[in-house]
Each structure stands twice: as C-alpha cells, then as structure tokens.
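Questions regarding the structure given below will be posed in turn.
Labels for the chains are A, B, C and D, by order of writing; each one numbers its residues from 1.
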C-alpha cells in the first residue's frame, strides 16, 4: 500500500484533473442552481479551482518564482469583491422581490 | 518514501473529500448546508495550497474565503432563507444538459491537457521563503513586480466595499418593497446584516 | 471705363425690392399692413426711378443708333466648383435688360400703386405686397442676369413667386388648383431649360479652353466664365459648338437651344404649354396684370432674345420658335373669340401677343435682325397696354363683382376714366394708328414679310384682325349697351389710387409707339428701318378695322346676331369655346394614359412587388427575430448553458485541430 | 520522578532558543521513514491539546466563578471539593449526562456541526501558540495569519448555531454575534499587523524571539501600547465577553445563539468561550508581552539573571493568567453596551484609531525608532 501510494506521487496531471473536476462541478452548479446565492457559490467553486490551477502550475512548472501564487491572491481578491457586490445585489433583490429564484429573474428578456 | 506515501494519501483523501463537498455545494437543497460544503471545499483547497508549499496563500484562502466570503454568504442566506426552505430542484432537462455540458467540458479540458506535455522540471518545489517572495513581488516596481495590479486590486476592493454599501443600503421609505420577505427579513435582522458595512443603518428600533 | 453713378450701382435696382421684401415680410407686415403697401410701393418706385436714370445714362454713353456694349458693372464670385468653373452673380446692363428693367419697374410700380386701392381691406394685404416685392426682385434678377445660372435661379424664383401669387387666395380650391397647375406646368418646362443649361454648361466648359483665348476681352474687364451669356453668345463658341452633331440631323446646339426654348415656352405659355396661363387668372387681378400679362410671361421671350445669337446659329431652333409662336398667336386668338370671362379673354390675348413676339424672334436673323427689335418693341408696348387692360378689367371687376362680360354692360357712363383708358388700350392692342400697338405690330409684320415667312405673315395679319375683333367684343359688351345685371347698375368709378395708374398707362400706351425703339435696341449694327412701311401697315390697319367693324356689327348693340353666328358654326364653335379641348386632352393624357396605364401599374408594382419585397424581407427578419427571441429567455443560466455548450464545441475543435 | 522534574526544568532553561516543535519532529520522522516516531509526535500533540482544553475549561470556569464572587463580595463555589475545586468537574458531568435536545424544526446536521466548528477554532489556535521555547506543537511560518484566519472561522459556528436552531432569538443573537465578531476582527487584525510589522515575521515563535530586547507593548513608543489596548478590547469583543456580550444578552435574547442548545452541545459552546478567552490572552501575551520571555529591566543584570531562571512556561502562564484576570475583571466591573454603542465604538472610534496607529507604527518601523533599535 505504501509503495503503491509512493509510486503514485501526485504529479501535475493529477492536480489538473482534480481542479478540472471541481471546475466541472462548479459549471454544473452554475447551470442548475435555482437560488442566486447557489449560483454565486458555484462561481466561487470555479474561481477556486482556477486559483488552484495557478498554484499547481506555479509549483510544478515555475517553482523558482511565486507568480502563480500572486495570481491566486488576485483571484481571491477579485472573488471577494465579486461576492460583496453580488451579496449586496441579492439582498436588494430579495428586499424588492421576495425571492432569489434565478428563473424568475428574466428582466433581461424585456 | 513514507513521506511520499503520506503525501499521496493526503492528496487522494483531500481530493475525494473536496469533490464530495463540491457536490454537496451544488446539489444540496438546503442552502446553508451547501455553503458549508463550499466552506469545506475552500478549506480543503487551503490544505492543497499547503501541500503545494504555498502556506501564505493557504492563510489568505482561509482568511478571505472562509472568514470573509463564506461568512458573507451565510449572512445573505440567513437574510433570505429559512431553515425549512428547500431550494427547488431544477428541471430534469436542465440538469441533464448542464451535466452533459460540465462533463463535456471536463473531457475537453482533460483531452487537451493529455495532449500537452506537462512534465514538471527536475527539482520542482517552491522555495521555503515564498511568503517573503510574495511580499517582495507584490511591492516590486520592477518589470516582474506586481505593485500596480496590487494597487488596482486594492482600489477594486474599496470600490466593491462602497458599492456593496450603496447597493444594499436601505432605500427611502417610498421605495420599500412590497414583500418584506417574512420573518427573517424583518427590520431588526436587516439592520443587523448591514452593520458590518453600513453602521448608519443602526438606528435603535423604535 | 468710367460709368455713371447709376450704371456703376445698377445692382441697386434688383436689390431694392429684395431689401423691401425682407423688410416688409419680416418686420413691417406684422406691424402695419398699411405701411407694408407704402414701403413696398415706394421701393419699387425708387427702383423705377433708378431704372429710368440708368436708361438715360446708358444711352448717353452709347447714343441712339450706335453700337451698344454690354456692361457688367458689378459682379462677384458666387459658386466655385473648381478652377475655371465658376459661377458669378452680377448685373448685366445692355439695351434689352434696360428695356426690361424699365418695363418691369414701371408696370410693377403702377401695379403696386393700383393694388393699394384694389386690395384694400383684403386679408393678407401685407403678405400680398411681400409676394409682389419678391416677384419684382426675382424678375429684375432674371433680367440683369449676366450668366445662365443666375438666370435659371431667378427664373425659378419667378416661378415660386408666381405660384405664391396665383395661390394667394389659398382658401379657394380653384386658386390652389390653378397655382399648382401653373407651377407644375412651368416646372415641367423648366426641366427642359435645366437640361439645356446643363448641356450648354457642359460643352461650354469643355470648349472653354479652346474658345476663350480667341475671345478678345478688353483689359480690366471681368474674365469670362463658361456660363456667361457673352461667352455663350460669342460666334467663336457657337461655331465650335454648332459643329458637334447630335442626332436626327440636329446639331447639339439645336438640341440645347430647343431644350432651353422648352423652358422659355413654358414660361411664356407657348402652345402646348399654354394651359396654365388662363387658369392663372385666379390670382388677384393686379397680379394677373403684372405677372401674367406684362412681365413674367415675357421672361421666355426675354430668354430667347438674350440667347438670340445662339438661336440664330441654329436654324432649326429658330424655325421652331417662329412656327410655334405663329401657331400660338392664331390658336389663342381663335379661343379668345368665344370666351365670356373678361380676364380669360385677356389671358388668351396675352398668349396671342406672346406668340407674336416669339414669332418675331423666330423670323429674325443675325444679319436681318428686324424681328429681334420688333419683338422687343412689341414686348415693350404690349406690357403697357396689356397691364392697362388688366387693370381696367380689374377696376370693372372691382365695380361689378363678376368676371362674366355678359353680367356687365353700359359701364361707359358709370366708369368714364376706366372706359376711356380701356378704349385706348383696346385700340393699342388692335394696332390702330397712332397707338403703341400699331408700331410694334407693324414691325413684326414687316419682319415676317422681310424674312420671307409668307405664311406667318398672313397668319399674323389674320390674327391682327381677330385681335381687333375679340378685343372690341369685350369692349362693346362691357361698356356699351344696357346694364345686364344688378352689379353693373350699381357700379361706380374706382378711387384715384386705382385710376391714376390707369391714366398713366393710358398715356404710355398711346405714346410708347413713337419711341425710336429700333435705334436703341438692335442686334449688331443698327439697320435703319424707314419709318412706316405702308405695304405692311395698310393691310394690318385694314384687318384691324375689319375686326372692329365685325365686332361692332355683332356686339355694339344688343342683338341675336352673335348667337346666330355661334349656332351657325355649331360644333366648331363649341370646340373653340372649350379651348380646343386642350385641357381635356391633357387630362386624358395625364389621367387616362399616364395615370391609369402607366402610373397605376407602376404603383401596383411598387406596392405589391417592390414594397412586398421590402415587406417580405422585413417580415422575414421580424419573424426570424421573434422566433429567435424565444432563445432569449432572460435567464442567465440558459445563456450560461449555451455558453458552456459553445465552449465545449470550441475546445473540441481546438482538440481536433491540434491533436 | 524525582530527577525528571529538575531535568525538565534545566532543559527548559538551558536548551537555548532553538525551537524544535512537535510538528517539526513529526515531519523529520516522516522524512526519515520513521512511521512510529511521526505517529507518536502527532499523538502527543493531540493529547496535549485535549488535556489543555480540558484543564483550561475546568480551570477557567472555576476561576471565573471565584473571581466573580470576589468582585461581588461572596464566596463562590465552596461545597464540592476543597474550596469548591471540583464544582466545575461535577457541572461538566451533569452537562454530559443531560438530555441532548435538538429542536424539531431545526436543521439537525448544522445544529450538530455548529458547536464543533465553534470549538475547532480555539483548539487549532492552541496548537499554534508557543508556550515555551520547546513547547509549541506546530510552528507555522504564517502563524499570525493563520490564527486570524481561524478566528474569522469561529464566527461560523455561532452563525450556524443560531440559524439552525430555527428560533428567532437565536437567529437574532447569531446575527448580532456575526456582525460584532466581523467588525471587531478588523480592529484586532490591525493591531496584529503592527506587531507583524515590528517583528518582520508572521511566525509566532519568531515574534516572541523578536522581543528579546523588549516587549512590543513598550519597546515601540506609544504605538505598541495603543496596539495592545486595541487588541485587548477588540479581542474581548470578538469572544463576546462582557461588556460586549450583546449576542447572548440574556435580558434581551434569552441566551442568544445557544438558546436551543443543551447538554454536550451546549458545553461545547461554553467550553469554546473559555478556551477562546485563554487563546486571546495567550495571543496578546505572545504578541505584546514577550510570550514566554522573562521580564527584563534594562541594565539590571542581576535582576535579569534571576528572571532568566524562572522557566518560560511559568512566564507564559503568568502573563496569560494576568490577561485572563483582566478580562474577567472587566466582565464583572463594566456594564453591558447597547447594540448601537457597540457598533459606533468599533467603526467610529476603534477602527480609525487602529488605522492611525498602523500608520504611525509604520513610520516607527521605518525609522527604527524603537527604544531598543533593531540591529
């Protein structure tokens, strides 16, 4: 068991597949969640997997620098900003309409 | 040898947990549980960062994501949901299509990734003092420095904070909504939610 | 060359009515209608005074019987299309422009004066004078135009102001219809003029480089431009242009001149474009006097005269001018025999006289320019007596409130001044010595005879008799006999402000013939015309006397003779009375042929095929849009689904290409 | 046993300033393929933490009762055990035996999860604190960052507990707690940043070592003291202690977010509160009061030598105990703030002062204007 695990030391591809799976799950959530906060959560999931990818590539492809990590920091910061605004909008919408069901938010249609 | 085995074990353990929690995030019909799932995913990601020797990033991840964004989401859910509300299940066709799209995306990315040689260079591993390196890079004026993006990000965050206040603030009485959203959205609660950004909303309940 | 003051400032003559037009129209009219009339009239009077002084200065400079130069005392660049293709705006002073200026300002001034009385108390009094001023300016601008573009622009301005004046009573449907008719017909003719201008201008510019150096211009004179009359009338240009063949054996020059003549014929109401003129009598009577008798309609004659060397260079065009003029004079005279509306009779007589003028131009030659002089002379005299006739008719109408001569009668005693002046004018137009018409008509007949246009000579002679007949017919019916209607019984003389112009014009009509016109206005070197040619004057006078006698036989006393004669002619009489059904023919052509056979199918095609095609494309796009707008659910997630699908397709494409 | 204690003591004294943490040992053992060594190290860490939590819980609750009694001129628990020492133990047993009630309409999973999250935070922090030069379970190089991150995590337990109870008062309490904790976290973090700037490291052991020349509370002129006070106040508010206990104001909200909790789960919240108090005190000590560093006074060499002989663990305990005492002292002395006063105080006073102080501190750090300048 130990030998097997040691032989399978996770390489770049393992990490990418992991983040890819997370991203795909995020996409699924983004497309299916009825609640706006759920949609935002899915987006956070996707952003997180992207940030993970940055760090993974930093770790495996450019270990001398920290650029990937800095990108991940930026991703986190942008996600924070996005979440703040999104939450404010959601609260405002909820106050006005009493629901956060995204299928009822089709004002774009008009 | 053992260290590599432990590392691998942790990877699969955390990886499996992360995927499970991610599924909770997108599938659970109770929003707050879904948020907990998201929190788990983010915390696990912090663990991944540590495994990838990016400790500072792990700290930031927990600080901002778990301590900030997730808490914000919890607040938002508390303002808009009650315990016994289950999120409606989307239509089966939507689920099928979304699942197909997600799967196809994953396959496409995996296929593309498989086609590209992504071998790590020998001696991979981020230097020990990468926290210092991040600090220096963020404050570097040079060609490889990030001081400008850093400042722009700080400006973005400031703008987002102000924008959040403006968007979520209480509007004038005549603009009040027709539906106030039931028990959880009554005056006191709404005010509580604003206090973290908008102390002006804190007028004593009359 | 040092000019006199008025020559140097000849631009004042058209400028005065323009300034007055702006002042009256914008400022004075809203404040005081009365002052509008006074200001407008005095501005024209001033312009008339200037015109007389100009004539005096000019003929002091170039005494009678000598070569008279064309002067351009003032000119400025107006439109610059490119180097060498420049249109100037300016003032041309030469004998015929002076004659026209004198005629226009005189008649216009008198009409203004007359109108103060005639239009008194009418709504739109100030508007009326504004229009009159605009018309006078346009006409003067046309007259002094040194190039064909300025003439064309003023030509259209004249058309516009005549449209405004004919439709002055715009609440009267017949007036509106008449104004539209006049405008459309003249516009239709102007199309030919415009094409002619374009042809002339195109070739004038094309030949300019080769022709212009040969034209000796005196030092200090303005450089010639391709549109200048001096250039267009120069023998060098005409020689170069006339040698270019076009089609049907016509030279390009002939084509161009015929096109220009179309415009002239439209404005001067030559057959078959005459139909607008009788209807144009819907306007106020002074307007008829001014525009449709004395000034505007002679614009076509003036244009032809202005381009006379060019016409003379093209034998075909000149022949067309002569025969169309002759036919029109006969045609209109015959119709005039049967009309009952006094203004209509006068209108057809105008047509007839214009035909005379055109014919006179047509029978003239560069070498034998008697007709040219005769035409201008007749224009000059006709302006006075025709204006007098119209103003007199206006006074009568003003008095009896009807146009029908059979509602009048016995007015000689009630309106002595009007009667007398009307008689003078009638005698003048009939060509009785010593009144003005005698001399000018005599010259025209002489020109036709000397030009060996025998047929035209006899036609003109016959028309002279007809003219005397129908003019005396209305004279007798209107002023002699008993009162035939209530209005005529209560008629009374017009006020002084109206009779004064009548008297002035009466004097002018009587004496204008004694002006030694040929010495002042001539083409090339003056050809001495030895006084009265009895070979012409005798038959003409006899014809006129015959016409008067016949008229007296039928109409001097109340009798059934005229009705019997009409019955005798039967169908022919009715045809003539209906103006040879020309209007009906036009209606048939426009309505039955053009409208029903051409326009309606085209309209159907346009509505169903062209519009249908457009609508089909619109409908298909709209349907496509509305159908595809179902894709736009407004739900971001659905968009996201499409987006994700697209990304997947794209990724697989990249994969397929690269791997 | 007789020899062990002096050996341990002398080891503590003379082992120098080398930091050799349990986590390091586990890593080293793993690297050397010594599975059992690594497992042993981890087990020891877990045991230490568990022991600490238990002891702290019992001890601090007893202490609180006694101090409360002291301030209120009464005796406090006296019956169970000598001076009532076993009272807390008996209470704990009572709590563990009580029926565990979960409200019918509650979200049961989250209801269960909330106390666990609430307790996780202080426990994790316990593992990161340097109790002595050798006594640190894990010396993380981003220690402070990690601790503040984990502290922010703690609010989730409160929020979830309040929400999952499906009770108005609980929810309001949770909301208030969330608002308060997040607000005061800002000030606390600002104060932390001052020390991070001075020390130039995020590592807790590094921060302690940077205070060898003098504790930050007074080594930096004024700004250190201000930062210390801000941190103390903000931390007190962050752990919902009086005078900042609005979230569980009994007079308004029954018991706030843990109204619907009983038995084990309630004890978790209860325990978390006291462990939190300890961690706050310990952190304040570590950051501002030199951690396990002995008290030195300038040129007094003899005095300093005597101080050096007192073991680091004792120093740490003493300082932490003092802070804990101060926090309890405040609790039983000051009245509760009103909700609006609470927020006004944070956003309109504490935070601006914190920012100003941070700017001033950066000037001090740039100019090296410490009382004992950094070499």
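In this section, contacts are C-beta pairs under 8 Å (C-beta built on N, C-alpha and C of every residue); 3 or more make two chains touch, one makes a residue touch a chain.
Note that the structure is predicted; figures quoted are calculated from it, not measured.
Select, from B-D and A-C, the pair of chains that is joined by more C-beta pairs in contact.
Between B-D and A-C, the larger count of C-beta pairs in contact belongs to B-D.
Would you kindly tell me how far, in whole Å, the mean C-alpha position of chain D lies from that of chain A?
Once rounded, the distance between the two centres reads 33 Å.
If you average the CA atoms of chain B and of chain D, how far apart do the two points sit, in angstrom?
So the centroids are 27 Å from each other.
Centroid of chain B to centroid of chain C, CA atoms only: how many Å?
89
When you check chain B against every other chain, which residues touch at least two of them?
In chain B, 1-2, 56, 60, 68, 75, 94, 97-98, 101-102, 105, 109, 193 touch at least two other chains.
Give the residues of chain C touching no fewer than two other chains, as numbers and ranges.
In chain C, residues 637, 641, 644 touch at least two other chains, as defined above.
What are the residue numbers in chain A that touch two or more other chains?
27, 30-33
Under the stated touch criterion, can you name all the chain pairs that qualify?
A-B, A-C, B-C, B-D
Give the list of chain D residues in touch with chain B in this complex.
30-31, 33-35, 38, 105-107, 109-110, 113, 140-142, 145-146, 148-153, 155-156, 159-160, 163-164, 166, 168, 171-172, 174-176, 178-179, 182-183, 185, 202, 338-340, 343-344, 347-348
Within their complex, state which residues of chain A touch chain C.
It comes out as residues 27, 30-33, 39, 102-103, 105-110.
Under the definition above, what is the set of chain A residues touching chain B in their complex?
My answer: residues 1-3, 5-6, 8-18, 20-35, 37-38, 40-42, 44-45, 48, 51-52, 55-56, 58-61, 63-67, 69-70, 72-74, 76-85, 87-92, 94-98, 100-101.
Mind pulling up the chain C residues that touch chain A in the complex?
Those residues of chain C that touch chain A are 632-637, 640-641, 644.
Taking the complex as given, what residues does chain B use to touch chain D?
Those in contact with chain D are residues 1-3, 6, 30, 32-33, 36, 39, 55-56, 58-60, 62-63, 66-68, 70-71, 74-75, 78, 82-84, 131, 183-184, 188-189, 192-193, 195-196, 199, 202-204.
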